[in-house]
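Both complexes shown next keep subunit A, but they swap its partner, so subunit B is in the first and subunit C is in the second.
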Partner chain A sequence: MTQRETWLAWLFAAPALLLVAVFMYYPMVGTFIESLYSTSFISPVPKLEGLAAYRRILADPAFATIVWNSLVWTVGVVVLQNLAGFGAALLLNQKLPGQGIMRSLVLLPWVLPGVVAAILWRFMYDPQLGLINSVLISLGLSDHGVAWLAEPQTAMASAIVAAVWKGFPFSCIVYLAALQTVDQEQVEAATIDGAGPVRRLFDVVLPGMRDVIVINFILTTILTFNYFDMIWVLTRGGPQNATHIFPTRIYELGFGQFRFGEAAVYGVFSILVLALMITLYFIVQRRALRRKPA
Partner chain B sequence: MKLTTLLAATALTSLTFSATAQEKITLKFWDNQQTESGLSQFQQEAVKRFEAENPNIKVEVTTIPYPEYQQRLLTAVQGGNAPDVSTLDQIWVGAFAAAGAVMPLDEQAKASGLSADAFFKGAWESANYDGKLWGIPFNVDVWSFSFVNNALFKEAGIDPASIATFEGLKAAAEKLTDESKGRYGIGLFGHKGEDTVVVMNSFIFSNGGKVLDDAGKCALTSSEAVGALSYLQSLVPYAPKGIMNADSGAMRELFLNGSLALEFWPALEQPTLQKSKLDWDFVVGHAPEGKTPIGTYGGWNLAIYESSPNKEAAWKFVQFMTREDVNGAVVDLIPANVKAAKTFLEANRKGADRIMTHLENAAPRPLSPRYLEVSDIEVTLAQDVYGGTDPKQAAEKACAAIDALN
Partner chain C sequence: MNQSFNARRAGLLALNIVLGLVILAPFFWMVSVSLKPAAEPFAIPARLWPQDPTLDNYINAFRPEFRTYFVNSVIVSLLTVVITVSLALFAAYAFTRSQFRLLTVAMTLVIVAQMFPASAIIIPIYKLMRSADLLNTYTSLVLAYVTVTLPVAIWMLRGFMANLPLTLEEAAAIDGAGPLRTFIEIIVPLCRPGIVATSVFVLIVTWQEFLFALSFTSTKDMRTLPVGMNDFIGQYGIRYGELMASSVLISLPVIVIFFLLQRQFVAGLTAGAVKG
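Right, the complex of A and B next:
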């Protein structure tokens, strides 16, 4: 590349780089700087305290609770959402009557606005008036129903179920697209060799979709870790912090209590986790591209 | 010649216009709306009156839904785009004052003859922080009144007046609860929200307790406060399931559909109940035998921002909005001006005298710039208590957290 071409390349890349710098890196660097200062609404003049806020937050038992909740929430939603999405994709990949309508309908939870979906689930989980308890009581499985979102033992699981319902169409569509690319000759060859459906799934279909599965897991992990509206509408992080995760804690500290410095510390931890996930995503994507035949 | 005259006339006209434009002040006023009362429209009408009285001042009214209001205001202040005047929740006054966002109004109030006498005592106290006056009370209400379903009380053979005492309330709640019929005696709720705190505080206040003592230290471990918490815990079996994620709105739904015999709400609940087919009444809080029920003050004060270039005009507007003949027409809670409140309540609410008494007895929440953090700790306290933790231990945990804020 000549020097002129190099300059031209930089010139063409400059608008994109500028946008990325202004809208992505500036806020990230700003958050990190803010986390080193004690800043709140009532003390708007930033006071440098270095890593003291990090030490304080790390020593706070609430931080451990939030890390644990975030882990349970993210793993729970990602695993179940991908399993449900894959199962639905396998069904929708069959040549069944009404396949087109089913493929459209399965997208419904995904296209619903997050807050609407959360309100819907909040109604369904209502201990007195909710659909879920009505069904349980009418089937004789419960005497008076369960307070799904009000008990620390059931709140997180309930939120996970709602989030899986909202998110599984995304995984389903990705897997459905990937299933179309599986080499049908290999599937037929395996069938002729006597492999049953389960064997074909594990030995032919899944290996053929390996890269898509990994990328889908990483993407849904990023989305789920950052998922705010479902938990906020369902429980606001309660009861007794049983569903508090990073995004809800950041919102609560920043906008509920005006403690911007501490909110920034939680933000930095969030960025670190997400940066790790994004790096993984790119590594996997690059490997997948290298494996593809030219 | 003609051209010169024309140019001179044009120059003169533009000069006159620019002078007029400079004199005309535009005030930005922000308020929030908590009910479907058409508040924005009422305020616009009052603003027209203000503008007629003050031809050089134009007022831009921005009405923001309550759930978004705190965030919008905070972002505006942080971004240097604060309005000239806004309503401030009583519990934000300390923080906005400590942050230097709003200006003290002592001198203006003194010069205008505006004093505490015109307003409810608790409302005036809520605008005072660190020895200065930071706002003028605009509207008020009390958490809480206990709204009762007369039909359910009658069916159970209970006189609603009997629930004025702690003992009477518990006995009634027990009698009114029949889980097999899906009926509950008392609408306790404990979600993460301020309504949880104010109801709990009213029981603490009524039992003689406080949240913070006069020195600003946590007072929740006093025998009175712990007694109130133990009492609240004893009511849990008579409340609908799911207290820890329930809010006052959820209790309203159950009350309206006849599943709940008693709900806690401020007087602003009355328009909703008036539209329903329920036969309802209310009781002004609960206290142990021989004590007076003390509710928790809620409401908003009008504050002027330090960043406002139009402080004088803003003060005129604040005076106007809190005037006896205006205050009742521009609020959707209860006017903070006592005389306006009397007129407003008699025209719009059932049991005006009882409401006035409860307003006069009510106590404000702690006046601390870190109130929002105190409130968050109190929510945890409420959830611990409703979740079955020993009230004394829960109060000790809360006090350790509150005292660590200082």
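Right, the complex of A and C next:
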């Protein structure tokens, strides 16, 4: 490659590099710096206070609640979304009438704008007017309807169900594409050896898709951990912090109470979690590449 | 043998119907409530389908604020799609064709940025926009949206470009075409399926973006549809029919575009995801 071409390559890449550096990498450093300063609604001028905000937050019982909620939320959504997505992909991979229409329909929840999906589910869960309670009441399973999102015991589970509904189509489409790359000769060989569908799934199909599955798990974990819209519109983190996770807490502290420093501390913890996931992603990807030299 | 085959088929079909119901039930409820006359959502237990369907809710939902939000969303989304896809084409080309190590590392850092938590970096970005006096402008939203969609767009287009043979450029060079002309006249047209897929993806992401729009806009005339919808929840009080009608109106454009272009879109999306 000549010097002129190298120069041109940099020129081509420059706008993208510049934007991402200014609006993503710089703010990431900015979050660390921000976390060392304190601001509030009453004293909006930033004041350097070192690690005081970290100490304050670690001592705050709400922090433990939010860590726990984030864990339940992320694990719940990721596991259910991938299981549902994989199950749906297995189903859509069968030869059945109407399969073309089903493959189109399955992405519908994912295309639906997040805020609309959240409003829709808020409405589905409504104690008097929601579809879920209407069905439960007409089946005689409940006599007055459950306030799914207003009870601390059911709010998180309800939010998880809504998020899984919105997110599983994406996993499904990725798994469906991966299923179509599974070596059919191996599947047939296993069938001839007398392996039933379950054996074939565990011995041939799943090992063949291992890399796609692991990478999909990591990606959905990152997306779910950072998922703001659904919980903010469903519950704003309530009732009694029962559904507050990192993103909603950051928004509430920062833009609700103008405590930018404390919001940034939560931001720093999110970035650390993210860094861990990205490292994992690269380790897995490198291993996958080594296994099948392209 | 044949009988068990049929039983299996019936079971699978039944599962397919269940899956369809799970996907469609909330949509059905949205449309059903949006067609109910003012008092009907309150019938207990709720009726599955309105007794006298009406379009009143749609007429009421299409009020001036809604139109403003709609126009804002269209402007911001279209600008974002055009700018992101153009910049991503250039960047993806540099990325796939350059042997230069430092550039490869820099582009990898760009692609990794697609995983960044928007909420964790929102405060510094907000302050950046505020100090540049860009809050409540299209510019702030487009800048943010272009930045967050670029990494995925580059990643998707890279998949397409990597499959184009190098002989294309060699032939063009023999014909005397410079690199820029080769790129615009030969490479870009060949990437058309990738451009379609990437544009649909960027559109879907931008059309629904909530956090940046919520943080950067505070005046009614600058809000986008998702933020406007969030405001409606309070304002509409118990006018559920209108809320659902607005939901249908917001969802329709992306759903229509998605269905028109879904084949290219799914191919483009999964090509990258499966290859990793």
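Observations, loosely collected:
To be clear about the criterion, the second predicted complex is superposed on the first by the 270 of 294 C-alpha atoms of A that agree within 3 Å, B and C clash if a C-alpha of one lies under 4 Å from a C-alpha of the other, contacts with A are read in each partner's own complex, and residues count from 1 in each chain.
By definition in this document, a residue touches a chain if its C-beta (ideal position, glycine included) is under 8 Å from a C-beta of that chain, and two chains touch if they have at least 3 such contacts.
The structure presented is a predicted model; accordingly, all values stated were derived computationally and were not measured.
Residue by residue along subunit A, subunit B and subunit C are tallied for touches, and C comes out ahead. In the superposition on chain A, no contact is made by A:Val79 with either subunit B or subunit C. Of the two partner chains, subunit C is the only one that A:Thr181 touches; subunit B does not reach it.
By the touch criterion defined above, A:Ala195 lies against neither subunit B nor subunit C after alignment on the C-alpha atoms of chain A. When the two structures are aligned on the shared chain, A:Gly237 is found in touch with subunit B, with no touch to subunit C. When the shared chain is aligned, subunit B and subunit C each come close enough to touch A:Leu129. Using the contact criterion defined above for the overlaid structures, shared-chain residue A:Phe255 touches subunit B and also reaches subunit C. Contacts of subunit A with subunit B, set against its contacts with subunit C after fitting on chain A, overlap at residues 128-129, 255. Against subunit C, the residues of subunit A that register as touching in their complex are 1, 5-6, 8-10, 12-13, 15-17, 19-20, 22-28, 30-31, 33-34, 88, 91, 94, 96-99, 102, 104-109, 111-117, 119-124, 128-131, 134, 137-138, 165, 169, 173-174, 176-178, 181, 211-212, 215-216, 219, 222, 225-226, 228-229, 232-233, 246-247, 250-251, 254-255, 260, 263-264, 266-268, 270-271, 274, 277-278, 281, 285, 288. Per the touch definition, subunit B reaches subunit A in the complex via residues 70-71, 74, 77-78, 95, 98-100, 179, 182, 190-193, 240-246, 250, 253-254, 257, 259, 369-370, 372-373, 376, 379-380, 383-384, 387.
Within the complex formed with subunit B, the subunit A residues making contact are 41-44, 126-129, 144-152, 155, 234-241, 252, 255-259. Subunit C meets subunit A in the complex at residues 9, 12-13, 15-16, 19-20, 22-27, 29-30, 33, 41-42, 44-46, 48, 87-88, 90-91, 93-95, 97-100, 103, 106-107, 109-110, 112-113, 115-128, 143-144, 146-148, 150-151, 154, 179-180, 183, 204, 207-208, 210-211, 214-215, 225-227, 229-230, 233, 240, 243-244, 247, 250-251, 254-255, 258-259, 262, 266, 269-270, 273-274, 276.
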